[in-house]
Amino acid sequence: MPKSEITLSRTHRTALVGCLVGLCAVAVAPFFLDTYFTNVLIRTLLLAAVVMTVDILWGYTGILTFGQSAFFGIGAYACGLVFTHYGFGPGWALGGLALALGSAAIVAAGTGWLAFFHGSSPIYASIITLALPIVLTQVIYSGGSYTGSSSGLSGFPTYFWSLEVWFWIAGSFLVSTTTAGWLLVRSDFGRVLVAIRENEDRSAYLGIPVSRIKTMLMVFAAMVASVAGFAYAAFSNVVAPELAGFQLGTELLIWTALGGRATLLGPVFAAIGIDTMSSWLSGAMPFIWKLLTGIAFVGVIVALPRGLAPLISGLWNRLRPQRHAIPFEANIVKASATRMLQGSFGDAPPLRIEGLSRRYGSLEVLSGVNLVGKGTELLGVIGPNGAGKTTLMRCISDGKERTTGTLYINNVEIASSSPQQVVGLGVGRSFQNTNLFETLTVSECLKLARYRIDGTSLFSRSDTIALPQPSLDILQATGLDKKLSEQTQNLSHGMKRGLELAMVLATEPSVLLLDEPTAGLTRPERMAIGSVLTKLTREFGLCIVLIEHDLDFVRAISDRVVVLHQGAILMEGTVEEVVASDLVKAVYAGHKEEEVA
Amino acid sequence: MSDAILTLSDLTSGYGSASVVRDVSLDIKQGEILAVLGKNGMGKSTLLKTIMGFVSPFGGQVILRDKNVTKAPPHTMARSGVAHIPQENTLFPDLSVEDNLRLGVNSDRLFRQRLPAIEPLFPRILERMKQRAGTLSGGEQKMLLMCRGLISHPRLMLIDEITEGLQPAMVDRMAEVLVRARDDLGISVLLVEQHLDFALSIANRFMILKLGEIVEQGVVDSQVTSDQLSAHLAV
Amino acid sequence: MKLKKVLVGIACCLGMSAYAAEPIKIGIPVGLSGANSVVAPSVVQASELAVEEINAKGGVLGRPLQLEIADDASGAQGAQRAYDSLVFQKEVDGIVAMETTAARNAGLPIVNRGRVPLIYTSFYEGRSCSPWMYINAWVPEQQVEPIVDQFMSEYDAKKFFLIGSDYAFGRGMLKFTREYVESKGGTVVGESYLPIEGSDWTAIISQLRSANPDALITSTSGGAPNVTLTRQLRSAGVDIPYGNYAIDEGTAKSMGGNAEGVYLAASYISSLDTPANREFLQAIKDKFGDDAETPNELSVPQYDGIYAYAAAVEKAGSTEPSAVIDALSEVTVEGPRGAIKMDKQRHAALTMYLGKVASDGSVEVVKSFKNVDPGEQCPQFAD
Amino acid sequence: MGSVTFDILTTAGILFVVASGLMIILGVMKLLNFAHGAFLTAGGYAAYLTGAAGISPWFSVPLAGIVGVAFGLVVERTIIRPLYSRPLDAILATWGLGIVISQIFALTFGRGVQFAPSPLSGTIEVLGIEYSAYRLAVSVIAVLLAIALIGLLSLTRFGLNARAVIVNEDLARGLGIDSTRVRAITFGLGSGLACAAGALITPLLSVDPNMGLPWLVNSFMLVLISGVSFPSLLLASLILGGTQVLISTFISPILGGMTIVVLAAMILRLNPKGFSRA
């Protein structure tokens, strides 16, 4: 982490200015608004803060949640219940607020545990968030006179401050949470969220604890929503089951979609605009109003998936004079004393596989594979298509993949570890396809890869990325060090391959699994990658397992080759031995007798 | 032009930003087997997938009997008489052999009509109609693939490494089936292969694909031997 | 806002020369959408009729009445919007509200803040008290007695089974029913609730059958849960005496044969043969023609409520809120339900009618109970 | 005890009927149809209109099915097809569609409760127990429907194509199966089934613009837990529906109302495959 300096980054400056402008607007607004609008806006501003959290969850991180209203409701009921049944006063208010935060956090953590685990589908997670407010409402209904059941609680003692005060409270809450949210999504951590949305699997394989991040995010979003709910109840002096209901949860989603997901301010303004407008219009045409919002919602989802905000900001950008966007330039430095350089892992081989097999239904893709990968060794895995090479990689990098067998990484049994845990043990894996994180830049991708080791900053962007020497080598060899602020979707195929490799190396693995790292590359690019790989084994003591079709390439860099055929190891030896083997020739040329295996 | 079943002109395609097939031009006449040779990862399968419409080309054209089908979706290609036999994930392993065959034809009526004609070619397959396709041996699965391809009465077959992992007897059997399909039924075949002897034993012409480009092509005659070409394809 | 008031004032002077004075605004928050939207049209019509009649007789204190209708979406959030709009934007002088309990509870803090007299006109589970509120519809004390008494005397029922929707009204009514039954020497052999949206009563009906009670009393939420329960009871062959707190005439009619034999108690039944009711029915028909909604247990108290407010303003001599609140307990309204005075701890003694649904879905009055007392509702307002 | 057994069987039957339309869409299209509740409602109104028109109530179910198919085809073409590559957006769009449909019903028919006539009324005696005739009839229909759906998928040409698309869409396309058309037909079929199910359960219930909503979450859970297999769905309906009835009868109907959601969520958390391999 760089030493904090007195000068603010541009992002922080913008945030500060925006925050101050917002606070000024909040400060003066009550003097220009009549009582009615002040009343309406106080509630709306609190809801807008909840919408902001929905946008972070859904727009940025890709968690489609119907249940954010539940946490709003929990906050509201914490206020209502404490003031109604236990007592009223500053102490009780703080206690109630703590209760709101605590119970929202606990419920969110439970929901996260249910909804997010390695391999859970996003649809399943959405259904869980839908079930949450439904179950919660049911609980409130069955609470009898304690929760007020359907009638809710009303008329409890509360602070009957003047409207201006409440407006300032609600407004500054919205402005401050939105500023925090704005900084969050623009921070390094925000990039992690986007990475999870764009490619959850790949994030996990970079050692990013996806499920934990999602759960933590849910907890924080829940806490913000519960504070909003608490304030809502304290102001309006009413709590009712519908504050926790899924109807409100859906409405929050609709506002987010209409405002423009992943724009943060879009949903906030949409919430304020639409909720105020519906106060006006729904009275005049209750049914039509709902129908129109429904139609607008469907239309926006189908035709304008990014909502209305991009339209407006596009117009704004066209109207104002072109400003030069200063690209975010990152400093790449060498990571100090990395694990890789330390080299030694004791006597145990970095990778040991015993009796590994993998069955898909009745189909046995791998059977009884025994393999040892030593440090400083580049192990080539070859074999015809469908021999189980990629499955082998998958079994090494995800503890839940294999059907039977034992696997040791640096002498630790991987048991049924999730991919990010396996990364923690020292396994790095590159993939066949190169769809990385399309909208992230090269430096953001690299930062992502350093998440496990360097952590990330929540509200700021660090401009320094410490990378181990081999990563730096790759960046230089492929020319990526000149393109750090380029979005990955604009890179050439070769550069994407290089970036992929640099990212995996940035996780400082001791076992590196490479699945056709040179596919689709030109000859010079292959040679460059080849020499980096050789260097990795010789100088940094890595164990590399390489799947490759190009035997020339394997011959040039590999010490030992394993031939996989129909899920079993056919032979093992030096490249020369293998190439000379009639058996292997037969397999490759198709002469092989089926019985041989 | 008119005697070509399939014409490719300057076809370029790939995935994302990577060009895997580059400027490939070729044509196949009726009743001709064209072998596309080359090592793994040289773009052969992608070439077939592009023709079939699974991969949309970056540039160039695919002409099927005077009709531009460059952007046609796979099912349209299949229905225009192109049978694709891919290399991986070729069967529905949990469906029965019969169901797999039925999927080769558009209607069950045609299926029943055509089945008897296919029977002599694949006697062993048809004995196992009710068995799940996944339980067949590797060789039998390949035969089932051929059988499914032929029952659709294609004009053109795109065959991807059908001999991979086959024992010699089966390879010979496969060669026989393909030759009969060409000579008796007038079916054209675009044959992607690594098995040189097999390919050269049945192909009329060959071309070699390297890093997505055609680097050599010619007519298969006694002068062309597998040793000559194997330089390009060496293990 | 001031300017607007002046303009409105001018408009009134120019347009309605008969009334030189500014109109008295009455806010009607009502569930135009949501659960109450079924009865809302009849409530609006009753309000419009009352205002028209009063204005035709010269208004109140020489000022015309004017309605401000706002949708409360039958829930708390909508009600807050509606009350905000009525109290702070439209600046109404009084509110007459037929709403759900949740909506009323949501509105009360706003009414307290804005100091607006509120007359609540929907039956409810009782014991809602506010310095600014009066209630002219029935509470459990008035509803339960006629039905339970009838079952005990006519059918010699000793064992009662109670079924409800799990919400405040359902629980509140059945709690009182249980107490009343037990005070009269009966027993409650089962009390079961389904979540408020629930409409599959299978398990509860099985419980009912195995408990083998003499009589059944249900208090569900209106609409689907109520009619599905009645239907499923019928198709399960349950034919013990059956009292239903949530059924009204309209529902009974739409259910046809399924509702036959169901008992209900009400402060208003449209077939009441009194001059006041005949006149009222005719007036509704004359004013709304084919669009006229059948008056019911919810729209008639609304009609009465507006008359009550008008009478209180007249008596207080102004729309000054606290004066009106004081006057409300002293005025008597002669409406279709008879004479009603809200002098029982902000509630009113009501004449209750015991009805039984006939085979064609119409409701026959079996008995009437004069001036049933609402009991101890809001002791803090006892005179 | 006997009537509890009937309760379990008939509840399972109803759940199966209600969820089957959702399942076929999820199976073939990998799309969770959040408008399912609205389609059930549409079926309810179809039954109501059939009754109001004086047509025999026995016809309401097939008529609702036909209307549902037609409507489903239109919806697929206009809303679903552009969203195939965005499954979470498809959820939202169908959810929005559900809102629109229920608002249209509210505008057309009012918020009030309507009734559809029941083709069978009263009770019949089975094995010495008086039980609601129509509930039993619905269960019989559920079993027939299960057989028909399993038959459709395993015996017909469409079923074969659909199974091919489920397992390996690319391969299916390469064999000449127009997967877009299979999806369209599937969505039509799914919405037809949903509407027919709505019409079928309506005589037990009543019709209002939101009648389908309470069924939605339970259906989601059943479908998620049973993977893409009608026998598993039958099993899941029996186990979860049965638990619901037992809890409702012997503990509390309020807990019973949450049984399916909570139980299914726990099962899926512990074994993400649910009953699909059972």
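Each chain gets a letter, A, B, C and D, in the order it is written, and its residues are counted from 1.
Heads up, the rule we're going with is that a residue touches a chain if its C-beta (ideal position, glycine included) is under 8 Å from a C-beta of that chain, and two chains touch if they have at least 3 such contacts.
To keep track of the chains, here are their UniProt names: A = Branched-chain amino acid ABC transporter substrate-binding protein; B = ABC transporter ATP-binding protein; C = Amino acid ABC transporter; D = Branched-chain amino acid ABC transporter permease.
Computed from a predicted model, the values in this text were never measured in an experiment.
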| item | value |
| --- | --- |
| Between A-C and A-B, the pair joined by more C-beta contacts | A-C |
| Separation of chain B from chain D, taking each centre as the mean of its C-alpha atoms, in whole Å | 43 |
| Chain A and chain C, separation of their C-alpha mean positions in angstrom | 53 |
| Euclidean distance of C-alpha centroids - chain A vs chain D, Å | 34 |
| Where chain B touches two or more other chains, by residue | 94 |
| Of all residues in chain D, the ones touching two or more other chains | 106, 254, 257 |
| Chain A: positions in contact with at least two other chains | 138, 141-142, 287, 290 |
| Which chain pairs touch, all of them | A-B, A-C, A-D, B-D, C-D |
| For the chain A and chain D complex, residues of the former touching the latter | 62, 64, 113-114, 117, 119-124, 126-128, 130-131, 134-135, 138, 141-142, 250, 253-254, 257, 287-288, 290-291, 293-295, 297-298, 301-302, 305 |
| Residues on chain D engaged by chain C in the complex (per definition of touch) | 3-4, 7, 10-11, 14, 106, 110-115, 118, 121-123, 130-135, 204-206, 208, 211, 213-214, 245, 248-249, 252-254, 256-257 |
| Chain B-touching residues of chain A, taken from the complex the two chains share | 361-363, 384-386, 433-435, 491-493, 496, 516, 519-520, 522, 549-551, 566, 579, 584-585, 587-595 |
| Chain A-facing residues of chain D, complex | 32, 79, 82-83, 86-89, 91-93, 95-97, 99-100, 103-104, 106-107, 217, 220-221, 224, 254, 257-258, 261-262, 265-266, 268-269, 272 |
| Complex contact set, residues of chain C against chain D | 33-35, 37-38, 166, 192-195, 197-200, 202-204, 206-207, 209-210, 223-224, 227-228, 231-232, 234-237, 251, 254-256 |
